[in-house]
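Just below is one structure, and these are the notes that go with it.
Chain IDs A, B, C and D follow the sequence of writing; residue 1 opens each chain.
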Amino acid sequence: MRIDRVLAGVLAATLPCLSPAQQDTQKEIERYRQMLQESNPAELYEARGEELWKTRRGPRNASLERCDLGLGPGVVKGAYVRLPRYFADTGRVQDLESRLATCMVTLQGFTPEEARRKPFSGTGAPMITTDPFSGVGQRSVMTDLVAWIASESRGMTIAPSVSHPKERLAYQAGERLFYYRAGPYDFGCVTCHGEEGKRIRLQNLPKMTNAKDAQRAFGTWPGYRVSEGELRSMQWRMWECVRQMRFPELEFASDASIALITYLAKQAEGGTFDAPAIKR
Amino acid sequence: MDARRREVLKTGGGVLALAAAAGIIRPGEALAQEWNKAAFETKSVAETVKALGGSGSTPSSAIEITAPDIAENGAVVPIAVESKLPRTQALAILIEKNPNTLSADFEIPAGTDPFVSTRVKMGETSNVYALVIADGKYFHAVKEIKVTIGGCGG
Amino acid sequence: MADPMRIRANMTGDKVEVKVLMAHEMETGLRRDAGGNAIPAHFIRNVSVTYGGKTVLSAQWGTSVSRNPFLHFRFNGGKPGEKVMITWLDNKGEKRTDEAVIAGGG
Amino acid sequence: MQPKMIPALALALCGIWVAGCATRPSDSETERAVAEMIKASFKTRGQATVARLNQDDAQALCSKHAGELPKDVSDGIEKAQQATIRYPSSGKLTGDWREGERIAQSGVGKQFTDAPTRPAGGSCYNCHQLSKQELSFGTIGPSLYQFGKQRGASEAIQKYTYGKIYNSQASTACSNMPRFGHNGVLTEEQITHLVALLLDHDSPVNK
């Protein structure tokens, strides 16, 4: 096997730009990612989420079946790809997660604090077990619901709403935030997502101003992350990027998080939604 | 689960594991709950082979390991093992450099293909062994899988 | 209570192809939480698959099988419309049994 | 975003929001909204305080001119950043490449999940190729493989290398690379180890 690899290396060396080792690495990483596609544990979360949607919970002992995700009360099919959007009843632009928190309050009678208490499921990564919202092995009703609702938009076209002035404001604010550099590392979203074809370690980075990249990125979240053994939502994706940017903690369902998601959704407009995906 | 079975499990570890280690019994339906504690605590490939009742194993090209050469993350490494050896009775996956070598042990009854595909954790780059018991004899194949460091803030 | 498994059992030729996902932590016992306390091991130790009352696969697992385990295998002699039954048992004595009807293949 | 794309994008958006162009939020409205979000959407956690969101001059200018950095702004940033570089008082610019390799591999530090007492890593492999053995390297920055072999290890090169790690923006305004020394991420000593990793004849970088 060694000898084969050396030989392959010699052959590949005649190709320009990438060293043989780099080409082999990229090829094998792609193969690894392909092999993961065979089965996605996100299904387990989707199944729980579908049950939870119908489950009576909270002080009012009510289900979420009348929750309006933007397409009318109880309409789940296709809801994810039309979010974030402006909701007249709250006067806010909301993404799926902040909207679900609203429904947990208005329909099920939870307090806003209760509805947002544990947005992310317990993590398999020891590095971030300090997440106060969860612990190892803990589940998040929010995450399970997100998995199922997102899966109900699979195969559809990403088409966020941008007709309301507040939606436009969220988009523009999100764009500014994308370029906002701060903190001890001088990072901003743009540091990692402003150029095409770059990687951190071996992880490919989407350039968010490039429609194809943005479509692929937005279209594959939420995702089951094998590195953590958890399903992760778009709110978590923002929270985690911001943590690694060395910023203070981005609050769950905050206006900044929704503005960023609005910006990304708009960048990804026209792409095909294919989530929950499975990722490193 | 009921208390009776828990009791069986608690006491079952020793005797059954010993019997299995000695190669006296292979678990069938009746012993489906057996768990070979000794084998799962081994720290080397040789020890694992012994704990699974063998005295050694022979390399075989009739065993195929399908896995990536490089895993982007060690928490999930897809591995499939297929044996072309006649009368394959069991397949096991061993990861040399993991804290405990033995990852999974599959009994293959007659009528079931000598093939399994699963996903394992690897702490670091390591040789992965597929151990096969066929017609009472022990064979293996080996493949190195590189585990890469990933992420941003780690 | 443990979550249901996701089982797919399909005829491919004259074989039954079984793919199953189990919801389980598969905690190794080697990790520590944020407070530095060891997280106790919690993992599936036994898996058995039966068809028509006969075991078609049995497995013993250690802690290094990945979280939310996946298993794929094939057996002969199964028929569409019949059931495959899968049981797992973990080190804390938790147990889960699910079944799936074998779908006809093309 | 590329500078020339901004008007084009604005036009495209107007095209999409035909009826809405007149009611598009003004820049000042957007600025107010962003300022409000910076204030209300983040919270101090551990060492990551909300004060970190206050931009210094370079951060503010780089955010404002993302992708379209005018020459005078760029020159101004580089001049100001150059003045921040402090070389080690010992005069010793290069340390132990083995230590440097460890620092280069580590991506921890300054996150709210990191212990504040634990030294930060340099995150070098996140963005750069360094040694041949490490397959898992990023490409945001250029490959530094054979950095020293190509440049030698003269005092001038040592000084340049130290300065680049200490404050990358002294030579490249708005570089993606953190200003490791200036921002207090790495200590003087840690930087000398990284200089050794890059320049030492025996370092895997130069093999």
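By our rule, a contact is a pair of C-beta atoms (placed from the backbone, for glycine too) under 8 Å apart; a residue touches a chain by one contact, two chains touch by 3 or more.
Since the model is a prediction, treat every value here as computed from it, not as a measurement.
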**Most distant chain from subunit A, judged by the mean position of its C-alpha atoms** = B
**Message:** Looking only at C-beta pairs that count as contacts, which pair of chains has more of them, A-D or B-C?
**Reply:** A-D
**Message:** Taking the mean of the CA coordinates per chain, how far is subunit A from subunit D in Å?
**Reply:** 25
**Fill in**
Here the gap between subunit B and subunit D, centre to centre from mean Cα coordinates and rounded to Å, is 46
**Item:** Chain centre separation in whole Å, for subunit C relative to subunit B (CA means)
**Value:** 15
**Message:** Residues of subunit A that contact two or more other chains, please.
**Reply:** 25, 38, 124, 127, 130, 192, 200-202, 226, 229, 243-244
**Message:** Multi-chain contacts only, two chains or more: what residues does subunit B have there?
**Reply:** 70, 75-76, 117, 148-154
**Prompt:** Tell me, which residues of subunit C touch at least two other chains?
**Reply:** 26, 66-67, 70, 72
**Asked** Which word fits the touch map of the chains here: line, ring, star, complete or other?
**Response** other
**Complete:** Chain-chain contacts, ordered by label, are A-B, A-C, A-D, B-C, B-D
**Item:** subunit B partner contacts - residues on subunit A that touch it in the complex
**Value:** 1, 24-25, 28-29, 31-33, 35-36, 38, 124, 127, 192, 200-203, 226-229, 243-244, 280
**Request:** Sort out for me which residues of subunit B touch subunit C in the complex.
**Result:** 1, 5-6, 9, 27-29, 32-36, 39-40, 75-77, 80, 95, 98-100, 102-109, 111-113, 115-122
**Prompt:** Which subunit A residues qualify as touching subunit D in the complex?
**Reply:** 21-22, 25, 127-128, 130, 162-163, 165, 168-169, 172-173, 176-177, 179-188, 190-192, 194-195, 197-202, 205, 209, 242-244, 246-251, 254-257, 259
**Item:** subunit C - residues contacting subunit B, complex
**Value:** 15, 26, 28, 30, 45-46, 48, 50, 54-67, 69-77, 87, 89, 93-95
**Request:** Report the residues of subunit C in contact with subunit A in the complex, numbered from low to high.
**Result:** 3-4, 6, 19, 21, 23, 25-27, 31-34, 39, 42, 66-68, 70, 72
